[in-house]
Amino acid sequence: MVDTDFFKKNGNFKLKVLAELSESKIANENDAEKIIRNVASLDEAAEGDITFLQNVKYVDAFRNTKASACIVSKKYIDIAPHGLALLISDDPNYAYAKIAEKFYHKDNTYISVATEAFVDTSATIGARSQVFPGAYIGPNCRIGKNCVIHPNAYIVNSVIGDNVIIHSGSRIGQDGFGYAFFKGKYHKIPQLGRVIIENDVEIGANTTIDRGAGPDTVIGEGTKIDNLVQIGHNVKIGKHCILVSQCGISGSTTIGDYTIIGGQAGITGHLKIGSKVQIAGKSGVMTDIADGGIVGGVPSVPIKNWHRQTVAIKKLAESKGNNE
Amino acid sequence: MVDTDFFKKNGNFKLKVLAELSESKIANENDAEKIIRNVASLDEAAEGDITFLQNVKYVDAFRNTKASACIVSKKYIDIAPHGLALLISDDPNYAYAKIAEKFYHKDNTYISVATEAFVDTSATIGARSQVFPGAYIGPNCRIGKNCVIHPNAYIVNSVIGDNVIIHSGSRIGQDGFGYAFFKGKYHKIPQLGRVIIENDVEIGANTTIDRGAGPDTVIGEGTKIDNLVQIGHNVKIGKHCILVSQCGISGSTTIGDYTIIGGQAGITGHLKIGSKVQIAGKSGVMTDIADGGIVGGVPSVPIKNWHRQTVAIKKLAESKGNNE
Amino acid sequence: MVDTDFFKKNGNFKLKVLAELSESKIANENDAEKIIRNVASLDEAAEGDITFLQNVKYVDAFRNTKASACIVSKKYIDIAPHGLALLISDDPNYAYAKIAEKFYHKDNTYISVATEAFVDTSATIGARSQVFPGAYIGPNCRIGKNCVIHPNAYIVNSVIGDNVIIHSGSRIGQDGFGYAFFKGKYHKIPQLGRVIIENDVEIGANTTIDRGAGPDTVIGEGTKIDNLVQIGHNVKIGKHCILVSQCGISGSTTIGDYTIIGGQAGITGHLKIGSKVQIAGKSGVMTDIADGGIVGGVPSVPIKNWHRQTVAIKKLAESKGNNE
C-alpha cells in the first residue's frame, strides 16, 4: 500500500476516467462508474484498488488478487477472478503508468534552484528546472527546461536538453581516462570535448559519463540510463536506448537507436553497435554488432550460439566422468 | 602500526582482560598478567602487540611474528613461536574484533546532525544518530537511533531502523528503473514504494538502492552491503546477508537470510533466492536457488558443476592441437 | 571542434614550436613556419588544425582528413594525403597531449580551498592544491601540493601525496568490509589502517578505496584509476599501474608496478599479482600471477589459453548439431 507520508494522493477516480487516460478499454461497461481509490500490486491490492498484470510469472497472483480492477491484455480475460473489473490494454505497463501518474503527484517537493546547490554564475538553468542541494553545476554549463538535477549530482563541461532527469551522485563531464605512456610514465591527455545530453534523457544514481577527448560524448534523446553505469569519452549513444545498471561502454564506441544493454555488460572501445541491438546482461562485446543483433556471452556471440555454448559446456562437464 | 593521528588508543590492557572480553582462553596462565599495548597484523606486530591468525595463508607469518600475544584456534598451538602468548578462540577474527574495539574508539569525531547536512524539516532523526556534512535526508524520512549517515549520502522515501551505518555517497530511495515502452518512447512509471532498512544494517560507499515501484524495497536486519552495489526496486533481502562489492540485484528478486553474494555477481529480476545460499563472485544468476544452494558461473550452476565445466573447457582447449 | 565556452585557447603556434615541445620531427622543413590554430580529431579537423593518428582503425580518416598538420609514426608517411604537414613521432598520442596542453589551459577555473568545502580544521592542504565545493576532508588528513580534489569527493583517514587528482564522488578511506561472524550475527571489525596515495596518482569519479584493516591501503606513484573502481582494504598497488573502469580488487591483494587491469575485471583477495601484468577486461583472477603475465577469462588463464578456450567452445557448440 502506498505510504501517503511519501506520496500524496490526488483523489478517487471512476474507472471510465482511468480507461480513457490510459488508452485502455473497459471489458464490461457495467464497471464504468466504479470508484477506484488507489493503485497497488496484484498481491497487495485490496477493495477499491486498481492493479495490473504484465509479467506472466504473476498469473497466479492475478487469479487471487483482491483488487477491484485490473489492467490486462486480452488473453487473460477468461481467467480473471469473478467480480474483478478489467481494463483491456495492449500494454498494461503503460496504462498503469498513466493511471499511477493520475493518482500521485510526480514529486512531493518542488524547488527551483536550491540556495545550497553550487551553481557557477556563468551556467544557465532553463525555466521550471530544479537543482537540489549539494548539486554542482560548473562554468558555462547549459541546462534546459523542466530538468531535475538531484542532490550531489555533478555536471561540468556539459550541454543538457529539456526534461532531463539526473539522479543523485551522477558525475557528468569529468576528464575522460586518456593518457600517453612515455618514458616510463603516464601523461594526461587534455580532454577538450563536452558531454551533450539530448531531451528526455534520464541518468541514474552514481552513473559516470566522461566528457569527450576532442569530439563530444553524446547521449541521444529519450535514452534511459540506470545506476552505476560507466560511459567513456567520445561515446555516442543514439535515441531511446536502455542501459541497465553497472554496464560499461568504453571510449569512442557508437551505439544506434533503440538498443538495449543488459546489466553488467561491457563494450570495448572504438566499436560500432547498431540500432535495435540487444546485449544480454554480463556480456563482453569485443566486435561490431549490426542493426537488430541479439548477443550474449564473453566474448559475445549471437544469443542462440551463446545458448548452444552453455548447453554444450554443461553436457561436456557431465560426460567427462568428473563426478567426485 | 596504527597511526594515532587517525585512531586514538584508550590505554594498555592485561592479557587476562582481553581474554575475557573476547571470550577466548589463555593457553598458558603464566601469561595472564602480561601487558598488551596495541593490536597489529602478524607481520607488522612488535613487542607489546597482540595479533591474530585467521587465514591459513598466513601461517608462515605466524611462525615469524614478533608480537607478544596472538589469538589462534587450537590447532595452531604446536607451531607457535617460542615465547608467544596465545589466546585460544574458535573464531580469532571475532576475538580480534572485540580486542581492537577495546583499544580504539569507534570514531574520532562525534557530531549529531551537522549544520552543513541537508535535512528536511519533516524528517525525523533518532537519538544519538549522526548526520555528517553534505548528507541529504528528504521529506518524511525516518532514521532510527544510533545511526551514522556519512557525508554526501542521500536518503529519500525511506524508513531506516536503529544502528544503521550508511557510508559516503550511498544513494537510497531514488526512483526505480521502470518504464513502459509505448509508441516509440519510454514512459516513466511512477515509483510509489519506499526503501525499508531494518536494524543493524551497514551500506557501503556509493551503493545504490532504488525504492519500490509499488511494494517496498527491503534490506533485512543485520545485512551488510559493500561498496558500489546495485539493488533494484522491490527487491527484498533477508536478515544477516553479505553482499560483496559491485554485485547487482535486479528488480523484484527476493533473497532469504544468511545468504552471501560474491563480488561482481549479478542476479536477474523476479527470482527467488533462498536462505544460506552462496553465490560465487562474477556469477550470473538466471534461475531460482533453493535454500543452501552454492552456485557459480554464467549462467550459474551448482558450484561443483561449475568447477567441472572450467576443468572440461581447459582440457578441451589443450586437446584440440590449437598450440601455435 | 573545441567549444571555447568550456576551454580557453592560448593562441596560435608555428608548427616548429609544436614539434619541439612534443619531441617530434617535422617531415618536410618547408612546413616549419606553418601557423597552426587548433587541435581536432582526424574527421572533425579543418584548415589550420593539427590532428593525430594513433589507432590503426582510423587510417581511412587519416587519408581523408582536412587538417593542416598531423602527428603520425614514420610508417604512415607514404599514405598521407597531399599537402598535409606531418610531425613524425614514436608516440603520436604523447606528442598530441603536449600540443593540446599548449593550446589549452588545464582548467578554466581556479580556486584554492572553496569555502563550501567541508575541511576539518586538523587537516592540512599543501600549496597550490584546490578543494572544490562539497568535497569533504576529514580529521588529520594530509593532502600534498598541487592536488585537485573535485566536488563531492570524500577523503578520511588518508595521507595523499603531491600532484594527485581526485575526481568527483570518489570515496577514500571509509571502513573496509570486515566482519566476524559469531553467534548468528556479523560483528564489525575495527578498521585501523589508512589510505596512502603517492604522488601523481589520479582517481576517477565515484571510485571507492577502503582504508586498511590494520596495515594501510596503498596506491603507488603515478598509478591512474578510472571511474567506479573498487579497491578493498589492505590492497597495495604499485607504481604506474592502470585500472580501467568498474574493475574491483578484493582485500589484501598486492599488485606490482606497470600492471594494467581491464574494465570490469575482478581480483580475489590475498593474491600476489606481479609487475607488468596485463589482465583482460571482465577477467576473474583467482590465483597469483607472476611478473609479465597476460591473462583473461573466468577463472583467468594465460591469454593464449583463453583464446583457445573460446575457439574450442565455439567449435563444440557448432559441432553438436544443435542448430534449430
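Letters are used for the chains, namely A, B and C, taken in the order the chains are written, and counting of residues starts over at 1 for each.
Here is the rule we go by: a residue touches a chain if its C-beta (ideal position, glycine included) is under 8 Å from a C-beta of that chain, and two chains touch if they have at least 3 such contacts.
These numbers come from a predicted model, not from an experiment.
On superposing C-alpha atoms, the copy chain A sits rotated by 120° relative to chain B, to the nearest 5. Under half of the residue numbers at the chain A-chain C interface are used by both copies of the sequence.
Chain A and chain C, compared by their mean Cα positions, are separated by 28 Å. Listed for chain C are residues 134, 152, 169, 206, 228, 246, 264, 298, 313, 316, each touching two or more other chains.
Contacts from chain B toward chain A in the complex involve residues 118, 120, 134, 136, 138-140, 152, 154, 157, 169, 171, 174-175, 177, 179-182, 184-190, 192-194, 206, 208, 210, 213-215, 228, 230, 232, 246, 248, 250, 264, 266, 268, 270, 284, 298-299, 301, 304-305, 308-309, 311-313, 315-316.
Contact residues on chain C toward chain A in their complex (touch as defined above): 2-3, 5-7, 39-41, 44, 55, 57, 91, 93-98, 100-101, 104, 106, 108-109, 116, 132-134, 150-152, 167-169, 200, 202, 204-206, 222, 224, 226-228, 240, 242, 244-246, 263-264, 281-282, 298, 310, 313-314, 316-318, 320, 322, 324.
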